[in-house]
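In order of appearance the chains are A, B, C and D, and numbering begins at 1 in each one.
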Amino acid sequence: MATIVTLADGVAELVRDGDTVAMEGFTHLIPFAAGHEVIRQRRRDLTLVRMTPDVIYDQLIGAGCARKLVFSWGGNPGVGSLHRFRDAVSAGWPVPLEIEEHSHAGMANRYVAGASGLPFAVLRGYVGTDLVKATSNIRPITCPFTGEVLTAVPALRPDVAIIHAQRADRDGNVQMWGIVGVQKEAVLASTRSLVTVEEIVDELPPQPGAVVLPTWAVTRVALAPGGSHPSYSHGFSIRDNDYYVSWDAISRDRETFTRWLDTEVFRAPAAAGGPEVMA
Amino acid sequence: MATIVTLADGVAELVRDGDTVAMEGFTHLIPFAAGHEVIRQRRRDLTLVRMTPDVIYDQLIGAGCARKLVFSWGGNPGVGSLHRFRDAVSAGWPVPLEIEEHSHAGMANRYVAGASGLPFAVLRGYVGTDLVKATSNIRPITCPFTGEVLTAVPALRPDVAIIHAQRADRDGNVQMWGIVGVQKEAVLASTRSLVTVEEIVDELPPQPGAVVLPTWAVTRVALAPGGSHPSYSHGFSIRDNDYYVSWDAISRDRETFTRWLDTEVFRAPAAAGGPEVMA
Amino acid sequence: MTVVTRVGVDDVAWTADEMMTVAAARALRDGQACFVGIGIPSTAANLARRTHAPRLVLVYESGTLGAKPRTLPLSIGDGVLAETADAVVSVPEVFNYWLQPGRVDVGFLGAAQIDRYANINTTLIGDDYRHPKVRLPGAGGAPEIAASCPEVIVVVRQSTRTFVERVDFVTSVGHGSGPGDRARMGLRGAGPIMVITDLGILKPDPQTCVLTLSHVHPGVSVDKVRAATGWDLAVAADLAVTTPPTDTELAVLRELEATKGRTP
Amino acid sequence: MTVVTRVGVDDVAWTADEMMTVAAARALRDGQACFVGIGIPSTAANLARRTHAPRLVLVYESGTLGAKPRTLPLSIGDGVLAETADAVVSVPEVFNYWLQPGRVDVGFLGAAQIDRYANINTTLIGDDYRHPKVRLPGAGGAPEIAASCPEVIVVVRQSTRTFVERVDFVTSVGHGSGPGDRARMGLRGAGPIMVITDLGILKPDPQTCVLTLSHVHPGVSVDKVRAATGWDLAVAADLAVTTPPTDTELAVLRELEATKGRTP
């Protein structure tokens, strides 16, 4: 059963140096507040997993939290490149970053395999691309009935998944809706999970399009209203596009970035979720 | 794009002698009206696929429509055995019935593979059971990363899927909710599909828990209010348990059954869906 | 089965099925997730939820996670299960994301035949698959429940017809042909930890995996259980008598049975 | 890219990007389902839906099937896509149930580099994977769109930097190394049937699969296209000039662009 904790306590308890951490949210419901808390707690040597590492992972990488990135598309959506990611890959700043690169279909299926308790997933993918050479864990697999050769990818089994959702109830059942991405699979594939939410309510009202993660499939829930900013939480907030645009200039330069990190993350309080807010 | 037709026309167009036909609905939303129409149109040599062949398949088998049954659990739920199924298997009445037997997990994954355009699915299943000896298409598969041996089952690719849903709009988009079973997968795995619905509306109102099949993934939609009776359509009808109980006596005897077939199916009109009702 | 066994004082009375259901309910711990089939398992799980295990999570193979039915369902796919569930998922999802990874702590299974290693047959009676003496419903979700649930509890009425030396068809693997067999097959759950019958409770011997009588229900003799078993039944050194159903258990159970299939 | 190409009469004017977007929109047929990425593909698909293809089904990899955005989305996961979609599914589902079986008729792709066989690179520039000259975003959904959509249309601005003899990294397979290669690889879609640029339209030669100039946009010379191509570009015998954007197309396109990212 998931218990409700503060964001700071949740990160302190669940995220350890050296862990493999998946923060998911496909454009929508990106767990920025939790990511910033991971930076604030100065976690190191993380293997960061995410289909679409965008601004939040650029920040984590620039802050030196990661030693490896497992991903399928890394960019600032609608804006351009991730400068901290590039700097880490090409110049090793602030620490070298190993990469493991897949396609979206491959990553999604790797989470599905993890969520399903299977060691691998099968898909029609990667064939003929140079990803097969660049990434070691893409292998052919033969259909035992037709002889057709397909592609296998290994399950993802992160130590901890971190996602943001709209709501939880006091028992720790989690509800999210709108574009739900791969978050259910990320949570179910991971050993532990932390879910930040916009609000904690007595009862989850039925909601069209909602995915519910029962409390017994979640480890910790933390209140973090606005915790997906600058992405959005459908029904609660809208995307802050200016933030994404301005990130380009902030992240381009190591010094500007370091200043931003200091002001906006290290000196900022945990976004929300002090015990008083939880009442 | 799905077009809206009468049930009689839909069955006449989509279901052909010798076809592999999947009628799905897991206790809920069982397409009885469509099944009766298949009997009325005297289809023959069908390979019937269904996870839980219950009363509707007992009726189709007893009416001589099937030459083969692919399934994972065959019974009259909460009541007992399927007498027409037993009679066909053991005495070949009215025609011999070949069977291909799986587990639920195997059947569900076979539909998933079909829906996904893959030739097979992988699961942890069947190992150590006599199903492996009884059924030819269950094979071991080795994980190319860990060396672990798992089980593969081939994709299901029926010629036609038939399901019942609560609603469609006039464009042929289909909406169902409550226990949604394996119907989406059955439709997506099949070459053609027929969906009977409780009502056809101008616009599908958002509905918690709803699965929507877009019109471009469906072949034909037919109006058949009450078309899931004696099973139920969540929000429209409740299960007619007396029917299930009384089926035991009706089906036990060939003559009683033949009389029932004549009165309740052959002499009954298509449940609904005449053009006038569709307006 | 409506034989009433009168035990001790005259005003205490319950049927053997009631004792079996109560014993099955007691085997469930609060907070566990339980994969429930229709019939006695569903009744027992709902009884447990109304007595000592209010936070028991009921998972039905129809895809209802955390169903809290107000009335006893007639089938695993009753509307009351969907209406009261924490989440309703597709059938592929319930098997792949929930059962297969071992997320559902306990699986409840029935049996048409069960052997000394708790292997289960629900497929057919007879020795020819193509021409069975009796054709049974088949596997359903049982093989993978037996494979993947961390623990399995079997609930079945005891007779020599059911408790056989060797099942005619292994539908669901218990302990295979003995110690170490599950591990060799790659089955990740512990398999059947308990078989609860209308006469008593059997548990696999920790050394041999052979089902051994650990409890007799009140008023049932060991000889009676032995006579209802198709192999030479061993009896545990510390054989106990099952605690009789309490007044509360019986009252709640009977109230529950009366709601069966009723519209809530 | 805001260069205005003035063509013919003085009052007709559009940018090269507008011509490219209009040409891309025209390539979509009514009733098709189209896998849409953000940027020009999304603009073109939305333009098509507002002009000649009102029943075009827009599928975004975020899982929105049949999105009908009232404003141009800023990302593939904007709320307006979910709100207006026929169905919102999970990301694994959009790839497994919808893209992989070939249910989405047309895939729209961009490119950082594209070669004569329409193989696409969106991963990196340079010849050392571990130490690239320029690191690009990577694959995203493109490899499987290129593999599984029955048809692929590439939309990309044309220059020798982009149209190269050989891509530095094959992120998504076009026609591989020539005729028959897709079939040998087991790729089930037809691959790129058209590359639409700001200068013209290229199509794979039916015999050789080599991209060949089939259209030049109004006011663009063949020499200009050749000069923007990193290989010796062949020209189709029946080379045509693209029909200029109509007033309606331009008006709708500009109105659409003005809505970008606006709350509807």
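Convention: a residue touches a chain if its C-beta (ideal position, glycine included) is under 8 Å from a C-beta of that chain, and two chains touch if they have at least 3 such contacts.
Only a predicted model underlies this, so the values are computations on that prediction, with no experimental measurement involved.
Under the contact definition, chain A and chain C share the contacting chains B. Ranking B-C and B-D by contacting C-beta pairs places B-C first. Centroids built from CA atoms put chain D at 41 Å from chain B.
Centroids of chain B and chain C (each the mean of its C-alpha atoms) stand 29 Å apart. With centres set at the average Cα position, the gap from chain C to chain D is 58 Å. Each of residues 117-118, 123-124, 148, 150, 184-185, 209, 211 in chain B touches at least two other chains. Of all residues in chain D, those that touch two or more other chains are 96, 100, 148, 188. Pairwise, the chains that touch each other are A-B, A-C, A-D, B-C, B-D. Note for the complex: chain A touches chain C at residues 1, 115-118, 173, 184-185, 188, 211-217. By the touch criterion given at the top, residues 117-124, 137, 139-141, 143-146, 148, 150, 152, 154, 206-210 of chain B touch chain A in their complex. Looking at the complex, you find that chain C touches chain B at residues 38-39, 61-64, 74-79, 81-82, 88, 90-92, 95-96, 99-100, 123, 129, 131-132, 135-144, 147-148, 169-173, 176, 181, 185-188, 261, 263. The touching residues of chain B, when paired with chain C in their complex, are 26-28, 51-52, 71-75, 77-78, 81, 85-86, 89-90, 101-105, 108-109, 111-112, 123-131, 133-134, 148-150, 178-182, 184-185, 209, 211, 232, 234, 238-239, 241. Remark: chain C residues 31, 33, 55, 57, 65-66, 86-87, 96-97, 100-103, 148 touch chain A in the complex.
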